[in-house]
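Both complexes below contain chain A, partnered by chain B and then by chain C.
What follows is the complex of A and B.
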């Protein structure tokens, strides 16, 4: 009986923990590496050092400027992709019929087409429009890549919304813009927020297409990391990975806490 | 002049006709019900009145002004939806205030109006609740208060009671009648429930296959329907086949008996013509007929107790079945298998021309 219990309950549980460990432990390795006292990628040998974290804040080393560049591009991309996503999703939801489905397939195509193919195409196009290595060029490309994510997130939110709310609002005298601002938007805030976050993250760690269309002028964080891997294996890489890891974990914890509070308020 | 005049309205989708030849006028303050089975076009007409559906042909006039193509937001008609469609993110008070904010009323005026509407529907203490925290009946009241808040000329209601249970439905019927009386607003009400229509309406327009079959007072439609469809749709009815007597055109022969029924003016009937004869279950009684009544003998097939009344299934001498509803003490003689004497007041029997189809 005991053996059977171990096989039925214990084994699957062990397997699950192994899987989680396999997913997470390699990520955690960056933390000790970031604290190494050597100037190459290694585990600390004669004690720990904060010098690689200090290097991140040194403007001349280029980490900080590229972080700001990435943040700026990601914010612009999130804003534009969310606005376009809301406009399309709400329009498609309200109109119905065959054309929104067709448009949706078109919009989702960046998710289906391999980024490398897309990158080659964009290099040709941006070269002709002289948008290569420009902020506008990078933001536009990131918007196209983020649009499927915002459309999906906002569309999911809308699919739970009763279409008759629009008719109700109109029968009460609301014009289309009022219907949008006072009825539709307040009801899809979670979807809009999720879409904006996804767009931000998609832009923040986009590398494939960015590598092709940027040079010296626009250096995003992923690009900076890429370059540093190529010429020297700098432990600052591990330091920046640690910072990103901590920020991500904090964001996830904050989200869980907010959701918990909202759920408690509901009941 | 009538408040609302609908003239020759038609709505077709691709090749399907949803509504055709609709003429209807509604007086100010009236309670008019559009009654019909699902798919009969009554909701399409309501949606056209609200402006959510554009008619393919015909006009809708309000106070003589053509509003057929006016946007819904400019019509000033209240609308109560099936399933209510309350704004989930707004409190009860803010749902009711929505139309007033859109119309840019001043704050104190809005507050006063919301309070007035809340007390009108008896929800004074629930102003701050969200719709999901309310019961079905309460949500219904909010939906009505919201639609009435801005003082619409006409309130359109789309099967508002269909989601409620029977007890609640009956009390909401009384509530709606009271609101109609107290506000003086014109009600156009859509339902497929004939009992509801009879209980509430000043007038009923009966729909079938995209047309209005008959319009009239509930009593007239029940007592003197001029189509087989209305005779069958409003209340329970027994249909039997009969014909004009060969020798006397003022007499009708049916279910093994013979009774006087003058031919209806304007209708061409000749001796021997086949007819549809109807008699309501509550008009059939048991016992020996008096001189003024029609008597006939029938076999009791089944006798079932349905609360206040007994429901008796009878088989006439001509082999046709009919249902009679009787008070329990009057139904003692109705033992299954027994042949009993039945009687009917001839004025309760209706005669309609024989229709080949049920339209």
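What follows is the complex of A and C.
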């Protein structure tokens, strides 16, 4: 009886923890490599060194300019994608009908269609419009790739909104823009914020399409990391990976803390 | 009253224009180019099917995608199933271990695996020091490395999908089964598994479709030796400028993904997961 319980409950649970370890532990390897005292990718040998983190802040090494480039592009992308996404999601929610449904499928399709196909198309289009390797070109592509996320996030917020609120405002004589700006918008702020954040992250991380539409002028952080991985020498690569890891962990912890505080406030 | 609906429709215009002009149009142009580059006709597709290199790439892609899908869905189900049975505290810890890899850049993850698996990497060094092996194993820049990296990339997605699906299942059904004398194994095979089939189908679909067109991990962990479709297309446009090959192969990939998604949409459970809530 006892043995059977170990096999049926204990083993699967042990396997699950091993798999969770498989997901999490390999990522941690970047930390010791970032602290290496050598100038090639290796584990620390005669002690640890912070010099590779210092290299990240050295303007001439290129990591800092790339971070700023990516941050700028991601901010622009988040602003545009959020504005377009809010307008679309709210309009589609209020209007209904075949047109918004069709456009919604088109807007969401970048989530399913392999990005390499989009990259092939954009190389051709940007070459014709002379937008290859330009900030405008990268921001516009990132907006298209971020729109599914903003539309979904804002759509989720809207699905909790009571349509009768809109009917009430309209029956009291509110003009259309008043309904959108003063009735609907204030009620979906969390969704809009989530959408903006997702758009920022999507742009910050985007590599597949960016790789083909940028060259020497616009070097985003993922592009620089990509090149650096292929060279596989510079330990500064492990340092930037460590920074990204720490930021991700901090953001997740912050989110957990905020959620917990909101829960406590509710009860 | 009409005015309100018109305003609402006008609000959908800017995003629609972006989607049509900057997404649909360039992709349609890829389809068009595959038929016209260099001259009109199906010649590109004829040479595509006759091309032995393309055949090898397609076989590699199918092999890696199938292995990735099977391993990912199996492993993710084990994890998601364990998570929903944990106490709240352990569940938070487990989800954290899933969310960190979920959110971290795919490049960082590929880099971690290269660091661990390469010939003078962490794993080979550790095994040699312990005396398990005398010369380093080839763990990366081959099918093995690509599959490990892909499974690692896909698992967080699949776990979160399966976790959401399993959490929605009504636990009272299992209580009923237990009170009627069903053993744990019977409850799993006869109750849990059938009820989680929609989630398994959705995860399988997503992982397989993502794998087919995936560029980053196969390119970095395969390094040109294990060549999949996306990387092959990328080589055609960035180094050899074979637009005929790139566009016809892209079209085939789009067609295959489209057929898979369309076929999946015919199942009501999957449709419910995708399509927008109907307007009242």
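The working rule: the second predicted complex is superposed on the first by the 258 of 267 C-alpha atoms of A that agree within 3 Å, B and C clash if a C-alpha of one lies under 4 Å from a C-alpha of the other, contacts with A are read in each partner's own complex, and residues count from 1 in each chain.
Going forward, a contact is a pair of C-beta atoms (placed from the backbone, for glycine too) under 8 Å apart; a residue touches a chain by one contact, two chains touch by 3 or more.
What you see is a predicted model; the values in this text were computed from it and never measured.
Room for both chain B and chain C is found when the two structures are superposed via chain A, with no clash between them.
Of the two partner chains placed by superposition, only chain B is touched by A:183; chain C is not. Superposition on the shared chain A places chain B and chain C such that, viewed from the Cα centre of chain A, they span 90 degrees in steps of 10. Residue contacts after overlaying the shared chain place A:165 against chain B, while chain C stays out of touching range. Of the two partner chains placed by superposition, only chain B is touched by A:173; chain C is not.
When the two complexes are overlaid on their common chain A, residue A:200 makes contact with neither chain B nor chain C. Among chain B and chain C, the chain that touches a larger number of residues in chain A is C.
In the superposed pair of complexes, A:63 makes contact with neither chain B nor chain C. With the two structures overlaid on their shared chain A, chain B and chain C come no closer than 5 Å at the level of C-alpha atoms. The interface of chain A with chain B overlaps its interface with chain C at residues 170.
Residue ranges on chain C touching chain A, taken from their complex, read 1, 3-12, 14-16, 18-20, 22-27, 29-30, 33, 75, 78-79, 81-83, 85, 92, 94, 96-101, 103-116, 118, 120, 122, 125, 152, 155-156, 184-185, 209, 212-216, 220, 229-230, 233-234, 237-238, 243, 246-247, 250, 253-254, 257, 261, 276-277, 279-280.
Of all residues in chain A, only 8-9, 12-13, 15-17, 19-24, 26-27, 29-30, 33, 41-43, 84-85, 87-88, 90-97, 99-101, 103-104, 106-107, 109-110, 112-125, 140-141, 143-144, 147, 151, 155, 159, 163, 170, 176-177, 179-180, 201, 205, 207-208, 211-212, 222, 225-226, 229-230, 232, 237-238, 241, 244-245, 248-249, 251-252, 256 touch chain C in the complex they form. Against chain A, in their complex, chain B makes its touches with residues 50-52, 71-79, 81, 83, 85-89, 98-99, 102-103, 146-147, 150, 156. Residue ranges of chain A in contact with chain B, taken from their complex: 162, 164-165, 167-175, 178, 182-183, 186-187.
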